[in-house]
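Note that chain A is present in both complexes that follow, paired respectively with chain B and with chain C.
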Partner chain A sequence: MAVQLLNGLAFGVLLLVLSSGLALIFGLRGVVNFAHGALYMLAAYIGFSATTHLSFWAALVITPLALASLGIVLDRYGLRFLSHRAPLDMVLLTFGLTFVITDLVETVWGEQSRSLDPTAALAGSMSVFGVRYPTYRLFLIAVGLLVCVALVVWLRLSRTGLYIRASSSDRRVAAVFGVDVDRASAIVVGLGSGLAGLAGVLAGPYLSLSPNMGVEILIQTFIVVVVGGLGSLGGAMIAALVLGMANAIASVGFPSLSAYVPYALMLVMLLLRPQGFAGTRTA
Partner chain B sequence: MKITTRRAAARALAALSALTLAACAGGAASTSSSKNDMIRVAVVTPQSGSFAAFGTEQREGVQFAAAEANKNGGIDGHKVELYLADSHGTPEGAVAGAQRLVQQQNTKYIIGLVSTPELGAVEPKLSAWNALMFGTQGQGDALTGESCVPGFFRVTANDSIGVRTLAAALKTFKDKQWDSIAMDYSYGQASAAGVEAALKQDGSGLGKKLFSPVGTTDFGSYISQLSGKGGIAVSLSGTDGINFFKQSLQFGLLQKYNTVLANTGLQTSTLAALNEPRLVGAWGTNTWLPTADTPGSKAFVAAYKAAKGKLPSENIGNGYLGMQTLFAGIRKARSTDPSAVGKALNGLTYDSIQGQVTMSAADHQIEAPTYIGRVEKYEGGYQLVAKQAIPASENNPQANPACKMPQQ
Partner chain C sequence: MTVNETNQHTAEAREPARTPEPPTQAPSPRPGLTVRDALRAERRNDRWVAAAWAVMMLAGFAMPYVLAAYPLQLAVQGTTMGLLAMSIGWLMRQTGRMSFGHAAFYGITAYATANLANHTGLSPLAAVGLGVLMGAGAAVVVALLTVRTPGISFAMLTLAIGMLIWVWAGQTPSVSGGFNGLNVTFEGDFLGRPAAKLINPVNAWPLAWIALMAGMALLWCLSRSRFGRRLTAIRENKERTTFSGHRTYPALVLAFVLSGLMAALAGAVSVLTTSFVSTDSLYWSTSGMALIVAVIGGIGSVMGPPAGAMAFIALQASLSASSHYQVVLGAVLIIVVVIAPGGAAELVKRTARTGARYLGADRHA
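Let's turn to the complex of A and B:
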């Protein structure tokens, strides 16, 4: 049972890091970022190359920074540029970006799947709760949880966090009170993309890399954001862990139904509590 | 205003005339054959989605065969011309891509689709299009069973052949206890059922029998249920296979089994992605292997390596075999007309990378050997090295009785 809980936690934490970025961007910009999965996939490939040519630790720093820079550019020349247009324009932009990024990755790295081994320090397994468990998965759980706790603390206690929460609650009122909402938006999209970058690097030694990996995980990430409450970071965190656990338990208890678990969870939530676990509260 | 209307009418008339002429020309091309006729082939492969890597491999094999044929003066003097389309890995995408090339480019031969649903969607259209299609990867029995049509020819193993090959492999191991993990898809279900039946016949026991949904990324929950005792039969392919092998090695599970046997899962691309020395000694089966010991296979592999600097993967070979089958039909028919080629292929025995093979007239399923191989270090990487060939008489003792081939 301990192994199943750890398995649920490992996948849940990966979803958590990814969905945190998606929830933050939706909370502030009101944009469903369809390119989030593609950014995660791009990050996994950048991380793959950085690990191959430098080291995993370098990849862990470089990739989120590269993706955060890309996010800031996306916000400045994409989302902000289209902010006064119909929501469908935003959807088209982010959806179109998915194809562009996927083609870019296929051109540079090819269509074949790739795999990355954990760095020597994280290879092998450790004893946890009396069972042997892969060290890399424990590392992933620790890093993911640490980053998300730091994110919540930063949003709650820092001045920038206050501005972001204010902008997410009501963009116009926040602007009237002197908050630079464009700057807050750039920070959030940069941060959200950086988190997709972190998730991509962490996924490298955990899963296999393929140009399709973003699409596969994006659906589950959307479910997490909906179940957690649109735009709510705290809600997405709880939902990611619940989904990870539910997946792990279902694949043991009801293997033939395990593929339906995320959708069943979303269905039940939409019927019983449409606002999600935490409504629209940012953090 | 009147002038504009007249001009528009004249343009419409001219366009109609051009269309009529084009239609006549198209009709002529499809019913007669001369040395100047091109062999126009629609290469419809998934270039996006989860099958994209397979699609690229198929395309490479087809392109290599076409280039080789053209370099040698064509097939019976007919040059090969390829037209490419993306099936997007979906049945509707496959139909749209094939239909566009058949109707706009007058292609009469279709090749490259990788999954059973894609092939199954195009198969019923072949008669109306007067086209032939060559299956080079999809394994579903029904394609050459209850859904069989005169225009479809499969050059790779079907599910039943794959299962018989797996059963033959299981007989060679002494383990009395086995686990099975398979993709929850027709290929995996057929494979798992075959493993269970073979073990029962052999007096061995099947412990855990697990199915994972297609596209499973985290296999942790499945891995923790497997015993690690005796042998394990793995029926997972593509990224599912890569994820399973990688994660089960991280958990230390795969190392505990005496025998690891994969049904088509240990392909060149999977082994290249994993680049994993701990997989040395694992066993696998496949329809054709680049290490197959036949003169045709060796010649193809040598030519491909000389041209591309790498070993051809299984799917590259399968795409090449599909084209070899088309060329054999054209040579026998002495025509590029698809009806004539289709008739010529019925029961035709021809040389290929699989040695001398026969296209069954009863169900249009190739009668060719399948292989059991062992993972070994090979030319700087890891490769399933062929150790035993299962002849067609054993892997496919009779045509699929469910196929009631319609009259051509």
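Let's turn to the complex of A and C:
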């Protein structure tokens, strides 16, 4: 049981990193980013190449930075000019981007799935709560939680964080008060993409790499963001952990029903409490 | 006046993300142009559209004499996808609601028809009829649950319901054939011809074409009816429509059910013309792809989504050898959204309007 709970926690933390980026972007740009899964998949492959040529530690630094730059470019030369469009247009645009990125990855890295071994320092297993558990997954849990705590602290305490929260709750009023909302948006889209990058690298040795991995996790990420409350970071964080745990518990208790869990959770949540766990508060 | 203005402001502040005005609306008001004039111009316009529809309907029947077997097979696929795209696009245009769950009605109808034909010995026509009824019935249930929620939440609710059904199908191989899919053996006649022969595109084409054109005509008439206008009013401002004394919930439910019925029809055509169903038909990306082709074709017109579907199937087939169709499709989608919001239909409409003005035939509008 402890092992199952840790598994749930590991998957929950991966969703946590991925969905906090999605929630931030939705909060600030109002964009339901369908390309988030594709960015995550791209990051996993970049991380794969960086690991084979350099090392896993280098990949852990390079990939999020590369994705963050990509995100900033995307915002500066794409989303900014389309911010007045209907949200549906943005959904379709990011849908299109997903196709392009998927094709790119299939061309460069091929269509077959790949796997990545964790570095020697993280291979093997450790003993926690009286059970042996893979070291790498513990590392994933630690890194993910650390990054998210840092993110919340930064949003709460820094000046840029204040600007981001202000732009997110009311873009126009924030602009009137002298906040550079475009800069805040660029930072957030960069940050969100960087988080997708981090999730991609972390997922490499944990799940297997395939061009479909983005689509598979995207729906789960959406569920997390919706259940948490659209655009709310804190809500998404709680929802990610709840979903991870619910998956783990269901797979032990009711294995045949476990596949229903995420969808049923979203259905019940939307019908009973459409605003999600946290409403629309950013952090 | 002041009250009116404040009302407008609050309504706009509450939902800043409204869908753009549909191109079906009358053009910008001019001095001297009454509502009656606008309606008359609209009706004159309608006559042209109806004529175009009739020509297309007749021309369609010539397809088997023009196209070889493989392109005709693709065209049949295109009509199936076109029906689904049309159902989703129409719902989006009339109610502003984006459904990711229409694959469920499509898939349920296909599976129900397949299982009835395989296990009960019903005639193909009865199996198809019951299948469509089951698909539409599912749409009724989903509609009652979901239509109250607006915006992204509606998309996510329909997605959740569709995916629950997909999971169920994946775990119930006795019904769905598991991930290998389900082959269907039709025995007996369907509308006077052996149903099993519908797998040949030459036999299947007239059926698929009639289904598409009939669906198109139905949705077109509905958009122009009083019911269609009421739906537009609800989309633009639900609260104000309620204040005007109209009940919004039954109208939305009916719109969703009609759209679901069209998706069910698409499922029926699909299972009849391929004799095969797989769980992929229930997956959310079936709805997602239909939505994409609907937008590329243009949801402002009922002809847009089927045209988009045909173009997509043709593109996919012509690029399948190079395996780069994804990048082309993605690029096309991005370009359409950025450059031509409203899709191909909007481009055609704009060209036609300019042409008409150039010829002096469009004096009023």
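Just so it is clear, the second predicted complex is superposed on the first by the 283 of 283 C-alpha atoms of A that agree within 3 Å, B and C clash if a C-alpha of one lies under 4 Å from a C-alpha of the other, contacts with A are read in each partner's own complex, and residues count from 1 in each chain.
Everything that follows uses one rule, which is that contacts are C-beta pairs under 8 Å (C-beta built on N, C-alpha and C of every residue); 3 or more make two chains touch, one makes a residue touch a chain.
Model, not experiment: these values are computed from the prediction.
Asker: Consider chain A as the common anchor and indicate whether chain B and chain C clash or fit when overlaid.
Answerer: clash
Asker: Examine A:207 and indicate which partner it touches, taking first as chain B and second as chain C; both and neither are also allowed.
Answerer: In the superposition, A:207 touches chain B alone.
Asker: First (chain B), second (chain C), both or neither: which does A:86 touch?
Answerer: second
Asker: Given the touch rule stated above, what does A:154 touch, chain B (first), chain C (second), both, or neither?
Answerer: After superposing on A, A:154 lies clear of both chain B and chain C.
Asker: Answer with first, second, both or neither: which of chain B and chain C does A:247 touch in the superposed model?
Answerer: Touch status of A:247: first partner only.
Asker: Now for A:230: first (chain B), second (chain C), both, or neither, which partner does it touch?
Answerer: A:230 contacts chain C only, not chain B.
Asker: Is A:102 contacted by the first partner chain B, the second partner chain C, both or neither?
Answerer: In the superposed model, A:102 contacts both chain B and chain C.
Asker: Run through 61-69, 97-105, 313-321 or 331-339 for chain B and report the one that clashes with chain C in the overlay.
Answerer: For chain B, the clashing option is 97-105.
Asker: Both chain B and chain C touch chain A; at which residues?
Answerer: Chain A residues touching both partners: 102, 106, 256, 259.
Asker: Would you tell me which residues of chain B are touching chain A in their complex?
Answerer: Going by the criterion above, the answer is residues 47-50, 52-53, 55-56, 184, 210-213, 215, 217-218, 220-222, 224-225, 238-239, 242-243, 246-247, 250-252, 269-270, 272-275.
Asker: Flag every residue of chain C that touches chain A in the complex, lowest number first.
Answerer: Residues 17-20, 92, 98, 145, 149, 151-153, 156-157, 159-161, 163-164, 167-168, 170-171, 284-285, 288, 291-292, 295, 323-324, 326-327, 329-334, 337-338, 341.
Asker: Would you mind writing out the residues of chain A in touch with chain B in their complex?
Answerer: 3-4, 6-8, 10-11, 102, 106, 110-115, 118, 123, 125, 132-134, 136-137, 206-208, 210-213, 216-217, 247-249, 251-252, 255-256, 258-259
Asker: Give the list of chain A residues in touch with chain C in this complex.
Answerer: It comes out as residues 30, 32, 82, 85-89, 91-93, 95-100, 102-104, 106-107, 215, 219, 222-223, 226, 230, 256, 259-260, 263-264, 266-267, 270-271, 274.
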